[in-house]
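Structures are listed in the sections that come next.
Below, subunit A partners subunit B and then partners subunit C, in two separate complexes.
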Partner chain A sequence: MGATDLRKQATNAVVWLLLLGMPYWLPAIGGYAELGTRVVVLGLAAMSLNFLLGYTGVLSFGHAAYFGLGAYGVALTIRYLVPSTGIGIIVGVLIGTVAAAIIGPVIVRLRGVYFAMVTIAFGQVFYFIAFRWNSVTGGDDGLTGWTRAPLNFGFFRVDIEHNATAFYYLVAATFAIAVGAMAWLLRSPFGRMLIAIRENERRARFLGLPVDQHIWMSWVISCGLASLAGALYALLNNFVDPRALYWTQSGDFVIMTVLGGMRSFWGPLIGAAIFVVLQDYLSSQTENWQWFVGLFFVLVVLFFPRGVLGIIRRKIQA
Partner chain B sequence: MTQLVLFNVFNGLIVGAFYALMALGLSLILNLSGVINFAHGGFLAIGGYLAFTLIPYVGFWGGLVLAPLLTAVLGIFVEWLLIRRLYGRDPLYSLLLTFGLAYMIEASTRFIWGAQSLPFQVPGWLVTPLSSEYFFVTGYRLFMVLVVAIAVVGLFLILSRTRLGIRIRAGTLDLETVSLLGVNVRLLRNMNFGLGIYLAGLAGVLAVGQLGLQPTIGGSLIMPSFVAIIVGGLGSLPGTLLGGLLIGVVSGVTTVFFPSATEAIIYVMMAAVLLIRPHGLLGDEGRF
Partner chain C sequence: MKLLSVESVSRHFGSLIAVDSVSMNVEAGELRAIIGPNGAGKTTFFNLISGMLPPTAGRILFDGNDITNLSARQRVALGMARTFQITEIFPELSVRENVRTPVEIAAGLRLFPFMPSGVEAKIRGRLDELLTMGGLTKIADRLAGELSHGDQRSTEIMMALALKPRLLLLDEPTAGMGEEETYAVTQLIRRLHKETHITVVLIEHDMRVVFRLADRITVLDQGKSLAEGTPSEISANAAVQAAYLGKAA
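What follows is the complex of A and B.
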């Protein structure tokens, strides 16, 4: 085992220990359970975006759409169909994944800024559906009148409705499965092909890789996991409104990813943690927090384009 | 019924003219510098608010002339200070930077002028309907169409007749060669950015007369402008103009038959165009 492998193992161990112990150490440094859950949920969204952005090299700017579809999927299911958290999550992920699969063929041939423009514009369809279809989605006011249902395994129940720690562990377990699947995919021949496309698309094409088909698959997986994050987000808030689908939300995911480090597996999670804590702090301090969030975007682009983990890695290698 | 359809087609053309004006500015910047300016809507809002503040002192005509010019000066400054640092880097970074600027501009307008929407007074002689049968043909609406038409003709004259315009078009095709021929490319991109922002500011002054002043106006107008560019075809200014007018009319007509789809229809239309012609109606193959 080389030094790099050892370092990777150590990083993984630290990340998982921190995530597992979150409900215990977070209150000690002044946080609260909901904040930790939000970091994990948005971290999952940013990591799923990075599957496409960092590992496939495709400039997607429209992930809020699929995040929001997952959120509305779970909310509508619990509100109108069955009061089951599990079924709600499955429906949410299905809706987001199917929407991405249908839109995929229209966009996979596009590249660069063109891809970014089309993906972010497309997301607006879902925003306007949620915004206008008042009788079902609650329109601009959002969908209320539902709460996450307790998990019922037959022989025992977990009360995730009132117990914030129990809900955190549900989110963390879902996160672990999703992130494990991503890591497994990236190590598989499929994942290596995605990286090959990122490094040199023309060469990958000449080697006979079906590039468009791989980008489509990467897009669907990435959007599917984003809708999983969205479903968890709706459950966390017991609420969803059209802002979860709005185009500015997509930009927030991209900045989390870049801030943490696009070329590293855990980077987006770190970026999400910094972004969520900062936003939480700023919105409690000033009404004009949006101005500071904007300034933060500018500063990250000008001074930390490689992200936190990119900088650390360069320090280690130097 | 005919009157209703006519009304909405006319209204759609006006809305489409805004989109086109805004999208033309976006296109200019995108074509020469490869930057998608998410802050474009913010500059539009600044144009509108500046006009609101200036009109009591310089009158309506003064505001119409001065506000877009001041907005353009601000745009030139922002390009000089921030955006030019990102040329030649991954387009992701200019996207994020202008995204942050959009946040900052929206928050600033809210801070300076307040979150409530403000009334924007247009001169009385422009508000009266010109015909009792076609009540919707007000002077202000015709006036807007006229101003947009003058701006568009002016833009195409600048691009085809002046030295700056010819250099912009040449730079769009091959910036390196233009630079080798001794043109100051940094200045060229700077001026081009200013020209694009001027159009945003002008669209802002006109838009607030129709839609009223509120900080979120930029954010709600920028996505349709993207659609205008995509439908018309990336890299083609006549395409952008066509795209803007087309989506305006389509969403106007949709208002008659299925009002709740007014906004969503243009994105469906974009999908249809992309399926049939991936490079848009007038876009050139292989540019992006």
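What follows is the complex of A and C.
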């Protein structure tokens, strides 16, 4: 047990050091600040999906809906209401979380593929609203005409608009809080109940656990954090369009999660990094980049069902 | 004092009558075995008691309360816990974590996003007590999914007991086990029954287990209650011999 704990601590230290130093080492190996920011933002989305998938055992194929609601929440707030990044993020997260909380009771009774299908269906509803409601959302062209506002703490301002490094650290700090909250929850009695449901739902029910209620809570937490990621994503791009809500975006989150390893805490972040870097590199080489990402995904799933982090872990143990 | 009272309970599946107007009274502290040939309706009867299935007709009283229409979860809250014919545990968690979950549920912690101060020590104390009682201390850190049938069963029984139930329902606790494991699990049940004075109702196939353990035996045959009595009464009962023991021997 001691060795496992030590390995976990070491993994945590490495991940946080890499994240903290990203703006310094990433350019040295040919990357750029926005690329690192995108990894962290999509990593957060995938990790929040994994809170539900890897730790509660429930597959959602509609997380882009809440990711997109967070994105539109922040964009619409800054565009129409107040030019405040902070308030925008809060509004985005609230909209995504409330939507998940309302939709939740309808879907948490379902299991397996039925759950996944209905999450897609609800996701598409939001997609079509964003797509059709031209006058507010900008429709298919997306919502432009706004930029992330500087952070104003009264006594000092942080220019996250023009300083990509400063924005990276805003994203990294938000990521740290969200991920820290997830890790905290998973080590609590509440988190252990979720893992129990993943392990054996019937056993959990016959231990007196109201399983649907716990899945609902896990769903709301997961979607709330996905909408936080979505809000950061819109801020990163200074733009949002309906594709952020589209079901293929949900699919990308699932791919990232499974690619990295859904039974490991950091797996989805690794998966997001691989996905984003592959996308960035391949899309500059070929229009058919998705074919290569797909091939890589299929190979990983076939030969390393525990994901990339699963391979690394096995190598260390051997 | 009657703890469990089943009154003329039936269960139909379409035209099949799996349980046909069966009554049974179990006294507090008793160890009751339900036996019967394959297809006698034992497991269905068990599922009616634990709330996995609603009965088509009849009434079930637990400690004087009508629980006929309560969900499985509500019955657990009133003090019933069960194990399954095919062991239901958390395979990728350690034995300790398996037992810890019901200990935390029993302590009312299921919604706690943190461990309240001072509670951790109590939880650990209770956990150690259960692991010792179940003879699981040595394997506490092993993954439950990697254990033998017998150890998995012991884990499942201790998970049920962690809820501090007044009635423990065991569905074929020695199913699929070899001689040694059967003996170990039988001993465990006997010892737990003695130490905690808990009421136990179990289904069992293995006659040696039944006659060694049970205070009283209920015999089901073709969905009906054929006989009820002490082990010696049952083994002397002509109808039972004809329907069941005769065939088994």
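In this text, the second predicted complex is superposed on the first by the 313 of 318 C-alpha atoms of A that agree within 3 Å, B and C clash if a C-alpha of one lies under 4 Å from a C-alpha of the other, contacts with A are read in each partner's own complex, and residues count from 1 in each chain.
In the analysis below, contacts are C-beta pairs under 8 Å (C-beta built on N, C-alpha and C of every residue); 3 or more make two chains touch, one makes a residue touch a chain.
Quick caveat, the model's predicted, so the values are computed rather than measured.
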Simultaneous placement of subunit C and subunit B on subunit A, clash or fit: fit
Which superposed partner A:Lys8 touches (first subunit B, second subunit C, both, neither): neither
First, second, both or neither for A:Met193, with subunit B first and subunit C second: second
Which superposed partner A:Trp184 touches (first subunit B, second subunit C, both, neither): second
More subunit A residues in contact [subunit B versus subunit C]: B
A:Phe206 touches, of subunit B and subunit C: first, second, both or neither? second
From subunit A, separation angle of subunit B and subunit C (C-alpha centres, steps of 10 degrees): 80
Overlay on chain A, subunit C to subunit B nearest C-alpha distance, Å: 12
Where subunit A meets both subunit C and subunit B, residue numbers: none
Contact set on subunit B toward subunit A in their complex: 30, 34, 36, 38, 82, 85-86, 89, 91-93, 95-97, 99-108, 110-111, 219, 223, 226-227, 229-230, 234, 260-261, 263-264, 267-268, 270-271, 274-275, 278, 288
Subunit A-facing residues of subunit C, complex: 50, 72-73, 76-77, 81-82, 84, 88-93, 97, 100-102, 104-105, 109-115, 141, 156, 159-160, 163
Interface residues, subunit A side, partner subunit C - complex: 1, 184-185, 188-193, 195-196, 199-200, 202-210, 214
Complex contacts: residues of subunit A adjacent to subunit B: 53, 59, 61, 103, 106-107, 109-114, 116-118, 120-122, 124-125, 128-129, 131-133, 247-248, 251, 254-255, 258, 288, 290-291, 293-298, 300-302, 305
